[in-house]
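Some structures are shown below for you to check.
Look for chain A in each of the two complexes below; its partner is chain B in the first and chain C in the second.
Showing the complex of A and B:
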């Protein structure tokens, strides 16, 4: 290709670009005008706070005001903080229990509900019902049920079984699994509904054909049912880890992070740094660290999933 | 057992169900589900029932699982004494404003990104998607500072406008607008319809169902919203129901409300969304399956 033809191509494309621009200018303006109110709100409530947060994390803070530039000072302070280490460890505990309770239960329940011919409407109602209860109300509700006194609901139930009353949330070993349990209780309805919708999308003839071929129940579940919900399961794995890593309100209301920081999540620790200790810089530095951890986990996960599907 | 013959789909076929062992398995699964459904339904019901029992019964030995006394007058008493009319009023104002702001601002933004596509709008959509990944705590402190500086503390305005910037709603709307056949738009343009005319005469009527889904989701989420209401509405007379029950639960012993009062208040917080669910169950469940999200 010689120089002139390249030049001609370049000028040609430039020419058409200008024409397109002229043609679209009015349309562009209208488009931006329609989007403007939304953009202003996104800027004020989402983007600007994120940006100034990241900037603020490199400054010494007094109250919520920026002092002098200290580079990674806040980050070092956060990383060496005992409470941070504890909260990070707790977040992995939260994630573990979420995978066990919140993640695996819904597909299991959806598969069973999909088999039912009796009471289908009732089951769908009951499974969805808790998610309509506001999450603060859910936490307070469970606070009453987990009342460690002999008159708490669950301790009354235990007393019928002649078991000593339990401390429930006061017990540092139980507190995280119980908090996750209350979250699972509230959240698994919508997730199950999505799984049920996916299950109903499976071609029913497949089951018939498999039966003729002599496939048992387990074989049918393995080769027809599970592949039908595999994609959703893969997506929810990432979504639920991202969500539980950011848990704040539940430990705040249920335990305030106690007993002795046993249930403090990263976000709750950040809230404490910011609004209890008034160390804004440290709080934001911790959020950024949390974000980096979350981001790398998600990236590694999707890489692994991709490698896996490529192999198949 | 004629119902079995209507069964379609699932790994248990109609023929399988004629075998005794499969029937036993089926009823085992049924009982398991039934147990789970009790775990899901009983706790709120127990709270609602217990709130009506005599306060002395809470501390009785042996403790009672089901209330022996029902004091219905307590509902009225708590409603009046704790001034719940005011908190309901506050919550309704918040919900109404949030619904309007969610639909108008996110809907228009998504329409621009999906249909008008001015240059640079792809980048904007990328920014919106990216902001879902960042934990909101990064911006928590600066946003709180901005709200204080603009003297918006103890005001509903930031709560309303905040829901006008919900990335997830933008995504749902964009997805919906993307799937409207472009022939409709072309036809309107040929007929000389302006951009606003197209929006008003074609998009708005088509969006009724999706708006309904978004309204229900927003009513539920803004009724339940706690964190920012708690941070912004510091004045007691402006608090929403959620903030109120949280404040009560952290301070009830010092203020002197009995446990029964707290449970009645909790019932007040639970009832509106539950009633809404009973009326709109179909819409809500469809909406969840449609949008593929959690409420």
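Showing the complex of A and C:
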């Protein structure tokens, strides 16, 4: 290792260290060979459809086959569609409610479980369990619970408390928050398990020293735990926004996008364009628009994080 | 050596993955095979007259016409028909599946070559499927056997484009009102012979729904709101209130349903929901939902036609056939129309002429084509018997063929009269009156209109303070801008 590399490592600049490495195909051949199947599959199943889709979005379509070149015709059609604006707005609503209701849930559960002395394994399994149930089955289960009639399960519980039955998913104001809750119920387990792993990676001595210094539970959380899982929380923020922005299956099964498009999402709209209305060009153009929005959000996010890191 | 081994293993993995991407030869028909089968076609087409002399090429067809597994009786009759058919035409190998046309799953199946050779769809779909290139042209085959002259012209036009034929219309239906006779009886809405008092107008529908809700606690009327079912039903209600959905003004098509008549029609639904509380609680009701509500006796009235009766009984809910009645679609203040639609057979784009020809033979053999075939009578009788002997027995209801072959119509009528197993008085109002004032679906973007109306109805059922005029104004504007302006 030369002096430049050592300096780069010492200064924490891992990237500059890696950059200095020379590309040596012969030496890395095994690595490339191991990656080859993945790369081939990735090329055929991700990049090729992606690029074909982008190209197709500039053509009139017959089924999923290109016809006449129409430039931005499909994009104009998609952007001026009566449901596009609502679907886009709903995606932001899904994201907002997800961050508000569920973003902090996994780290919170992870901290509680991590603090437990007994039955830790049981609770870890319990929170993971819902993610093992097929998602459509989960949605149908929730449909029974949210039945809007007086004989719906939750409404029967409400009736014991002398509360009027609720429309649940059929109340346009509740439908997105409730869909978000059903998604959270199924998905927060695996995320919590990752947080638990991160928590267990924090050096226990730090907690001991903090206790000697007189730090209480909250102070330990604030000064040791949260900084310890900060990077994972940052990652999950980006991942959660990207995943929730593409929500499809839950509104499709639970509400079909209703009532009156109150829960329709961009992905559901794309699904409707493609498979209900047979407008493949419009569907692909909408997908590209969604892709651009997500890409922009992600870039802004990384820029903010980078600025924050640089300041530190 | 180790490195070489790793590389070879990786290449094998890549090849494995690549071979997984390939298409099985047996699943598709290559160009050369098409050429072969095209030659076979000309043989098999003339076979109608020279069957015995020719040695036809073997052909395999996939029929998307099999009933669902839950419909054991229908499936038994179908399988037995297939068995007889393959005895008669030993060179035709028949595979079958229960293909239910669903716009939501059609494209993936079409794009991945998984469509059956022949499938059933609705009158609103052919132009969409033809324009998307998913169906095969059958003009030559239809003309060769003369079926193009045996189908009512208006129906055949629906399945044609630019003079080319793409489908075989089989029947028409008219939207009526399905009645749960048991709930009507419990609510005292029957005459002295126990026949339900059929509502003649929507005022009566509202009144009866209210009585049923009060006396039985069940919903009087079901307002569908999903899967385009709501729009489909509401269109007919609105027509009878005097609504024009699409009209030509100065040569341009205009969405005109935001009229006072439209508001009045919507007010009926609003009042039944919020004033009488006689419709179901759910505001998201698709096909499966209303079948469940009706089939389990939770709702007393829902728009439907005679083909739905056996379907409702064949589902898991096993509704008693004697509890189903059907009457003509109620009149509104202005009109007394019944929405007319129908079904047709279409063929996947990958079907070879020989396969299409074999499918036509099957239709003729089982009496589903527009031409009478004496050999089909025993099979039709067997099908009726299976339905009668099923557990629970299916109601035998009358279909209305688009054929103009008088012999076929006569035989179908005779068979129906022979095997009918329901109290005909529960259906006579529909059979005798509902075909007098038929109205076809709206000419442009009917399914898109239904989708927009679904949303309108969902809003009416979820928002007590909704402004009906504003709601219809927005819906009409959306329909105009997104659909009608594009054809003007």
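Criterion: the second predicted complex is superposed on the first by the 263 of 312 C-alpha atoms of A that agree within 3 Å, B and C clash if a C-alpha of one lies under 4 Å from a C-alpha of the other, contacts with A are read in each partner's own complex, and residues count from 1 in each chain.
Everything below uses one rule, namely that a residue touches a chain if its C-beta (ideal position, glycine included) is under 8 Å from a C-beta of that chain, and two chains touch if they have at least 3 such contacts.
On a predicted model such as this, the values are computed, not experimentally measured, just so you know.
Engineer: A:46 in the overlay: touching chain B, chain C, both, or neither? Say first, second, both or neither.
Structural biologist: first
Engineer: Kindly classify A:217 by the partners it touches after superposition: chain B alone (first), chain C alone (second), both, or neither?
Structural biologist: In the superposed model, A:217 contacts chain B only, not chain C.
Engineer: Now for A:274: first (chain B), second (chain C), both, or neither, which partner does it touch?
Structural biologist: Both: A:274 reaches chain B and chain C.
Engineer: Go through the superposed model and pick first if A:231 touches only chain B, second if only chain C, both, or neither.
Structural biologist: It touches nothing on chain B or chain C.
Engineer: Once chain A of both complexes is superposed, is A:109 in touch with chain B (first), chain C (second), both, or neither?
Structural biologist: The first partner, chain B, only.
Engineer: Let me test your reading of the model: by the given contact rule, A:134 touches which partner, first (chain B), second (chain C), both or neither?
Structural biologist: first
Engineer: Which of the two partners, first being chain B and second being chain C, lies in contact with A:296: first, second, both, or neither?
Structural biologist: neither
Engineer: Please work out whether A:64 is in contact with chain B alone, chain C alone, both, or neither, and reply first, second, both or neither.
Structural biologist: So A:64 meets both chain B and chain C here.
Engineer: If you tally the residues of chain A touched by each partner, is the higher count for chain B or for chain C?
Structural biologist: On the superposition, B touches more of the residues of chain A.
Engineer: After overlaying the two complexes on chain A, where does the chain B footprint on chain A coincide with the chain C footprint?
Structural biologist: The overlap between the chain B and chain C interfaces on chain A comprises residues 29-30, 34, 37, 41, 44, 64, 150, 274-275, 280.
Engineer: State the interface residues of chain A toward chain C in the complex, per the touch definition above.
Structural biologist: 29-30, 33-34, 36-37, 40-41, 44, 62-65, 80-82, 147-150, 165, 167, 169-172, 255-256, 258-261, 274-278, 280
Engineer: Name, in rising order, each residue of chain C that touches chain A in their complex.
Structural biologist: Touch list, chain C to chain A: 3, 6-7, 10-11, 13-14, 17-18, 21, 103-108, 110-111, 128, 131-134, 225-227, 280-284, 286, 448, 451, 454-456, 458-459, 461-463, 478, 481-482.
Engineer: Which residues of chain B touch chain A once you look at their complex with the stated criterion?
Structural biologist: It is residues 3-4, 6-13, 15-16, 26, 29-30, 32-34, 36-37, 39-41, 43-44, 46-47, 50, 58-65, 104-106, 108-109, 111-113, 116-119, 121, 124, 127-128, 131, 133-146, 161-162, 164-165, 167, 170, 195, 199, 220, 223-224, 226-227, 231, 242, 245-246, 249, 259, 262-263, 266, 269-270, 273-274, 276-277, 281, 284-285, 288-289, 292-295 of chain B that touch chain A.
Engineer: Can you list the residues on chain A that touch chain B in the complex?
Structural biologist: 24, 27-32, 34-35, 37-39, 41-42, 44-50, 52-54, 56, 64, 109, 111-119, 122-137, 140-145, 150-151, 153, 155-157, 159-160, 185, 187, 189-191, 193-194, 196-197, 199-200, 202, 204, 207-208, 211, 217, 220-221, 224-225, 242, 245-246, 248-249, 253, 267, 270-271, 274-275, 280, 283-284, 287-288, 290-291, 294-295, 298
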